[in-house]
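Order of writing sets the chain letters: A, B, C and D. Residues in each chain are counted from 1.
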């Protein structure tokens, strides 16, 4: 049983350490979630329970990995940003990618019942993941803008499509045809003129997705470091002016005060800390 | 909201297609499972429920990915072997690695209660994963022998260690000291002389881990293709003589008859097929 | 002058060791050699001096790197095959690629006058290079067949094209048009019927390129290990039957007897040995 | 002669495009140049002919590749920096590395006689090469400082060593022992006290290596873009203040005036332009 004569196979493992001094972005994406959302009766065009579960799984990941400075989620995808200097797992790509992917996947199942009280999880879901490196702050900001612009485009389309189907009684094919070639203004108009829906009043979590950030919350003269879930507009420069420190200051020294509302995720952390 | 001005960030994604005509091995490994097994009161040195859950999660993965021809698991790790010619996801490393890792992780949580009836899962577990390529059959066989030799070495040690602690009333430190420098024969002797335990009679799943294979099972004159969970000795040439086809014949044309006992995993498939 | 405060930049170098147990193929290719051959009055369609210089530069490379077992050249390209087990430079891709590329390039200039007596080298030429891994013997043999089939196709075309231009007095555009859509048989026919040229009688170095191999040459009862330059047909199985050992036997133990003619390259080695 | 049945081997080539928006550094290094310099009677500790040949080969490379913005050479090594945005050869690593390595190697041989009039080149030299990526300007500047600090350290050592050997009549072993444990000040002292040599008065090309830059030279009211060879001190911030534009402005729009002396390399370009 000489293990040593086989151990040479370990030499076939490759070194996959990522280039230092670059932003490591990990993006997870639900596999076959069109079918998954049908199988689990997700509300169309957005299911608030499903989005909250995604956020909670992502929050679980952020809690575990202190070097993650930003999370951004929408629909069935979530992006995680490591601080530029992270040396977690010696920046080994496979290790970083799989631990985050695994923690997210197992959390999604583990916390299902917390959000889907009456809907049973029928089978284990799958998320794929990828790593992308961004050398500059500008690249990273553009990445986040790209993902958030994507939410807007998809959500306006989906909101109009499903309104046409559910309230307008069009078939999916008819709704698709109706929307073919329309621009944003056209869709806003359809919603407002025909269904009296003001798209601007839709929930921000639907229109902008969710950003997870580390901030300080002052309560009873005590400052607490918490992960907050917000729906700010990253396409506006205002956001980056207020949050530029996130990209340049060490997470441990970051001192961004949070004055927004207490979400479930925030309340849970305050309860834990007390 | 011009998405296009940010879309250039997509070009930072790298192509990671794996070399064709090589064996793709994906190995998953539990993260901090020493603590996890304590937190969930795993029986020492082996917890049958935990091993069966690992096997079931791996079986769920094998069911989903037809190009997987072998699975091998022990303790908190599992290896999956793709057929050499697989073109799944164009052999993209990240995609292959994360989908398998994610499916396994979510299945582990999803099926927890099936095996741990009275033990509640306290938090979502994490598995990391890696990909290794092996160019030749000899390399691949040596890889599997390496992992199975590892089971033997670890299990003999753990069995003796925990017998010294649980039955011999040694402290863990004392047991460790006692075993320091001993070879296999010494440990067998300790077990037999002092505790009347014949190591050879330990469960095969403990001594050899579990191999998942695709075989044909003939029942009522009907041949059914099933995934079987066996505990054969891959260190013996006999196994490779009987299973050489697995490495050279297309899974769809593979015709290996199974005549072993009906395990729970096999029975479940027969019930599904009926 | 604290060098150490800058030395961190060394950590940005990546490990690029190639997968073990695979055939490493390095292929060099002349950059802008169409212009280079015009600038140096190469004979069309083939310039024997230029081909011999390529062979000699490749021979210089083979002499330097004992782990190279085969070289194959045609036109302005040369392929070098390392033995499968080579651990030269720890199989680091950049190191292997650049040393071979550099030695070839500098040799091409260094030996120019040996072959182009009356034609002065006007400027330093450039060769690019790439590394490809092949996991199996079949892959490697197919690679060499691919390159040699390429010689045949190109040379038959070029021979007919330049015959039409030089002897048939067609313009290049007319010759191109004439050959458009023709198959091999058509080109053979044009050469034979219109110009009384039997393509089969063309020089083998033109039709098949040059293979560099290590063989034993017995002279005066003494066996000498030499690099031989031959023009065998690798598309025929006969070649691989006779040379199968090259791929499976260690170069140092290889014992392939050479009984062909004494080329300049061979004679030079015999003179050196004496 | 169906080429197509072998063409599948092309699919084994891997995509090696480098991460965008990073500084690409290519460093070449002479292979076995200790022996090479002995074989060609290089003057110790520095051979001006050899350094000028290195510079000229590098200048030939810079002339050919417009996207190269800086070259830095010392002893038998040369570094080339591409502008950050280069898309030359789609940023394919092997292609960039080998064309530069090849052009440099062939130029070294081609221009040998221009600098070594009475010393015949005995055999073709070899240079290896590597690619390193640097994400930030700070990294890149530190890389260049690292290489230049290396010149200082090596040259002070070598100058003292060879003075002890050539003028002090010590054996190489004695000189080595004498220098063991000495710091810079000690070596300066030895040179000055024992041999009346002021190290500061050594040639700048010896003390600092050579930097190749693109600058504008105004002559007769005409501005000409030339590659200049200078020996500035990159370890001083003054250099980077004067040359910061090199890293941030497109080479084509760069407008750095040159007012230094007319070197051979510069004169040659002026003659060509006229």
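Rule of thumb we're sticking to: a residue touches a chain if its C-beta (ideal position, glycine included) is under 8 Å from a C-beta of that chain, and two chains touch if they have at least 3 such contacts.
Nothing here was measured: the structure is a model prediction, and the numbers come from that model.
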Check your understanding: Which other chains touch chain C while also touching chain D?
Key -> A, B
Practice item. Tally the contacting C-beta pairs at the A-B interface and at the B-D interface, and name the larger one. Key: A-B
Check your understanding: Could you state the distance in Å from the CA-based centre of chain A to that of chain D?
Key -> 47
Exercise for review: Would you kindly tell me how far, in whole Å, the mean C-alpha position of chain D lies from that of chain B?
Suggested key: 53
Exercise for review: Indicate the whole-number Å distance between the mean C-alpha point of chain A and the mean C-alpha point of chain B.
Suggested key: 31
Exercise for review: Mind pulling the residue numbers of chain B that touch at least two other chains?
Suggested key: 12, 14, 19-21, 133-134, 139
Check your understanding: Chain adjacency by touch: line, ring, star, complete or other shape?
Key -> complete
Point to revise | chain A to chain C touching residues, read off their complex | key: 11-12, 14-15, 17, 19-21
Exercise for review: Sort out for me which residues of chain D touch chain A in the complex.
Suggested key: 19-22, 133-136, 139
Exercise for review: Spell out the residues on chain C that touch chain D in their complex, using ranges where they run on.
Suggested key: 1-3, 5-10, 12-14, 28, 31, 60, 64, 94-95, 97-99, 101-111, 121, 123-134, 139, 142-143, 145-146, 149-150, 152-153, 184, 235
